[in-house]
């Protein structure tokens, strides 16, 4: 019988000792006490994978040498013991194969973004997910911030009028120098087309910006004109890009993302302007949402306050003034996914659209965006429609 | 044998269904995967306590009706099963009795602040802790922020010169109206002298401010002149206070705290000024530390950056630009405490001073501060030395 | 006949070549094209005074060696030529004598603050002003900011409810080191009791803070407890001070001002909290006023916007987003004074209370504040009522 | 003989009673006491022009009905009386004819931007200026801010390394609704192609952004891809635009400007990123310049501080912490122009490049930018080189 206290059992692929994002996933999965890590295939080296899994408190026999073994062996365990979902936190190029394998074996999937390394793969994965009837969660974690939800709800309410313009930006500076030549692992794979896919900057952070813009505005990006650059000498993938945007319905916008903006940390920001109002959210000050209304003083919406929308309120973990951080927002994605899996366990399959977390459709949009950027840039920033 | 993967077993007293801070403690204890909640006495109503514990996944027989029972029964369990420490998250008036009982039974203690409701109790507790050889952690959680540690390390380095002035403030607005008359639980006990002790505002948040000032500056507060107020009609405890400060060695300062500062959320801020430099930290923008140096542009220190002190770096959970929040900082306290308990389990008892988290000495200082404030205010803000 | 284009003729005492504030006064007097500098006694050295006046385009015979000569000679000129008012921009100790002399000769007076160097002098000057029927303006220039007026109007409207608490602060760092020993003129006289009066820090900037608090709140400070300090070695006057405040009607507050807060520039800030709302204004971001209202998102009032009060609107010189600065705000004081003098010239004497700029009553309050601070501090921060 | 106290005599064309910018020009011209308004042709209605000039204190015979008359009559006055330069503050379409006429008559010219309404005109005007040997100042007033100069000097010093990316933006919201239909004068002519030229948004504010980017970076914009929009129903000129930028030497960038960004005031911002550092300046917080340096804490440069470059220091009017505003920055342009005219009067003609204020070359660049934007947008954002 499924009860509130039943833990949702998670297996992890990737996320070994030096992987920043794997540690984040484990931490946020644990925060709400609803998810239990029961197995993993953490590293390509089987011995390291096992010793690392052991250090996390896993049983030795559930520290697997690779994802295929993990999925096969877990599938063979009795239902009440085996993992319920696989968390994929590897470099991009492995996402598709792992997700496909997991779905085939009947496991739900939670995956780092981008969902795959090509739009074709993403569409194929969408088909697999739909056919499987299983759940798929893509960790566009910034949508887990309460004030992002508040922004989305404000736009949806019509209070800002029809949206005319969106400015979304994501400057970072961590690749201003050739960090990938110093042995830094993440820099290594992100700048490597065999592991990152056709784009570095747009694939890593441009997609976050695109996702945020579509998520908050409720608009679909129709076409774009992108000028991608490789400032780091000898790089084969983009480390910077500037993009003109046109949305269905007539809104326009700008998206720029960068890894060579020296001194910037992780400065994801969005501004939307409608006929009657506007809003601004900055990821580095995530508890604040500035709301503009024609002819009135601008307002400072803050997380934890009573006036928030029900959905935004439910994402606040703390009273106002106690800063919600990256981990709490990320954990909201996991919490929503866990709640959905719990519904499945209770026999309520739900629908794709009812899920309150990013899914495979976001993944398809992300790859459509990445490929349009790359294609447009190869054509000297010609307008390029989003496929998929 | 103690290994890195051995979980530190925690029992909790207080923190039932409606208690904000209990949920925080459980969440942050879980974040690093090193602590396991194994038992609790969550509510004064035994049935509720049990059903709540059950909803957290505890075994029914370890959901206890009260702390005495919990401590007695756990003490009777075999060492490898029983809890290792008690987390006390009740209203203030119960802290002392629970801590005393736990220590007597050989359990380490982690407690919400203030440590007790009187300085006399706090000194008594200090004696008990010292005599027991057990560990005691007081959750002055704001010291868990990396940039607070950076601030402390900068002052200690001497780069700012001798500290001359400290301005520390903690305005909140949640008691601007008579919330305690609406059934809000926390407002109820905090404004009730039988549960909160001799002070509401100074006991709850003034102590955080005092602790932060002493923690960062490394200075001891010598005497103060306090003007406490009760703006809410009919309140018997202070809901606001303004305090002049004098530190040992000649530094001076101001501390003001308030619960009736309409519109403020949780605006704990500190500024320190030395002969050669100064600094500023704001709890609501916790990842930033502004550092002033005579004749130079002020600097923006940010969490996650390479230039931080080793201790501050070790408290960063995320790369720069990914906001560390309240929960992550709070979890740092738990992580340090868990690391210390792990040392104990390994046979390394350590010393009080080596512990990298707030302890009973901070608790004594806090009560000394509260009592000095109350006494000074009763004497029309006469200068009053801190005892203890 | 007085017409809008008639220039208001100004004579200046003080403000020679190296005097920052004299240059400010000339600049802001010129900004609205309504005031003309016609004469001056700029320096104690007659030759320098004359050559400096000449460089400003004054006629040589109206560059006077001292204020007595200036006032006497100007009084002897025909009415349509002679100056209409004297602007006093000397060190503090000379304010009274010059103002008294000017009033006696029938000239209106505009003076730098503090009005005098003692409360006794200030009261005497008040008597002189009242008896003379002439106009007196004290340049508490920060009241010239539109958003300060907006703040005052919001409080007066009752929208924030009865004010309970005021926090006003004025940290500077320019005297963190012994600048007065380097020949810096302003540091020289401000730290010299023979020229500055009984207080340096409180006289210079503490009074601005006090004035701002009374101006915005409409409340009168009743008593205070002050702890003044001299951190600079060998200084005889205060360079820092922390003050507890009690206002008539029950509001309380804190005022702290400092010249040794290393790294601070001119950080005058005020926060007021009422039963139904609150507000915050920061001099270094003067075009913004944050307004809190119970249970609602805080609002960002901005200069130049249509929703401002009529009085605040009239003080805006620029459309929203074009920053009003220190000079524009200062010029608003001059403009109001000029408008009042124009009314006098037109035969409408007006009343003290109708004047829309700070006057001798503010001067008396300022000296009452300074003397109460000094006296309280000498009594170890004993509560001291404001006289006058 | 020219002495420091000789006033520089100014005549004004445009800037009648309701014109915001005319009032600004008169105010800032007066601020330094070096310029005297001696004549004007303020309005197209001669009687109104005269009465308005009279209200400014001008002699009736020097209040002219139109610019041709003014220039002719002033030229006929004796040299020591006649105006020295003409300030042009009319709508855009008149700039060229007035400037041409003034130059022909031997008068120096100061003009609002854009210099003309077409690139062809701008080039022609450049020829006229060069041939005349007279001075021409274009009031790109934002270059008058000290921190803009500091930014330029930092880039020029090489401390930031070669510039790779520039993000410059100028959102406003004042045309979010159809203000031009309410009789608002400025909205009227700016949205009218017969008076504004081929562009509204790009001509008015896009050029400021372009000028700022080139001014600070020292780079020349080579080509752009622009997507201009008309969101206001029925508008014939752009009210919004997003532009991809490519600079000579390989730097790239984004420029976006808007008048329909509801809630924005005048939010001109620029960020530059070089190989070794970066910087950020925001017009609405003009006294602050954020400077990034690889691996170090970012720095907060502030106006009025001793560490500024000599040129930036010379543009500060106030000590640190006393906010320099829009008027002071604007007045710096006038002051530099007046200083240059004074050199001319002294017989030192100087060279175009030595002038420390924006000139006709900036004007040509501005029109090249506007025309490239319009042309690119008409070709669906095709890359378009800047001519001129």
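For clarity, chains are labelled A, B, C and D in written order, and residue numbers in each chain start from 1.
As a working rule, contacts are C-beta pairs under 8 Å (C-beta built on N, C-alpha and C of every residue); 3 or more make two chains touch, one makes a residue touch a chain.
It should be emphasised that the depicted structure is a prediction, and the values quoted were computed from it without experimental measurement.
Taking the mean of C-alpha positions as each chain's centre, the chain lying farthest from the centre of chain B is D. Per-chain Cα centroids separate chain B from chain C by 44 Å. One finds 55 Å separating the Cα centroids of chain B and chain D.
Chain C and chain D, compared by their mean Cα positions, are separated by 34 Å.
In chain C, the residues touching two or more other chains are 264, 298, 302. Judged by the touch criterion defined above, the protein chains are all mutually in contact, each touching every other. Interface of chain C with chain D (complex): residues 4-5, 7, 20, 24, 26-27, 30-33, 37, 54-57, 172, 174, 264-267, 283-287, 302, 304, 317-328.
On chain A, the positions that touch chain D within their shared complex are 160-161, 164-165, 167, 169, 171, 173, 176-177, 225, 227, 229, 231, 240, 242, 244-246, 252-254, 256, 258, 260-264, 271, 273-278, 292-294, 298, 380-381, 383.
Partner chain B is touched in their complex by these residues of chain D: 290-291, 295-302, 305-307.
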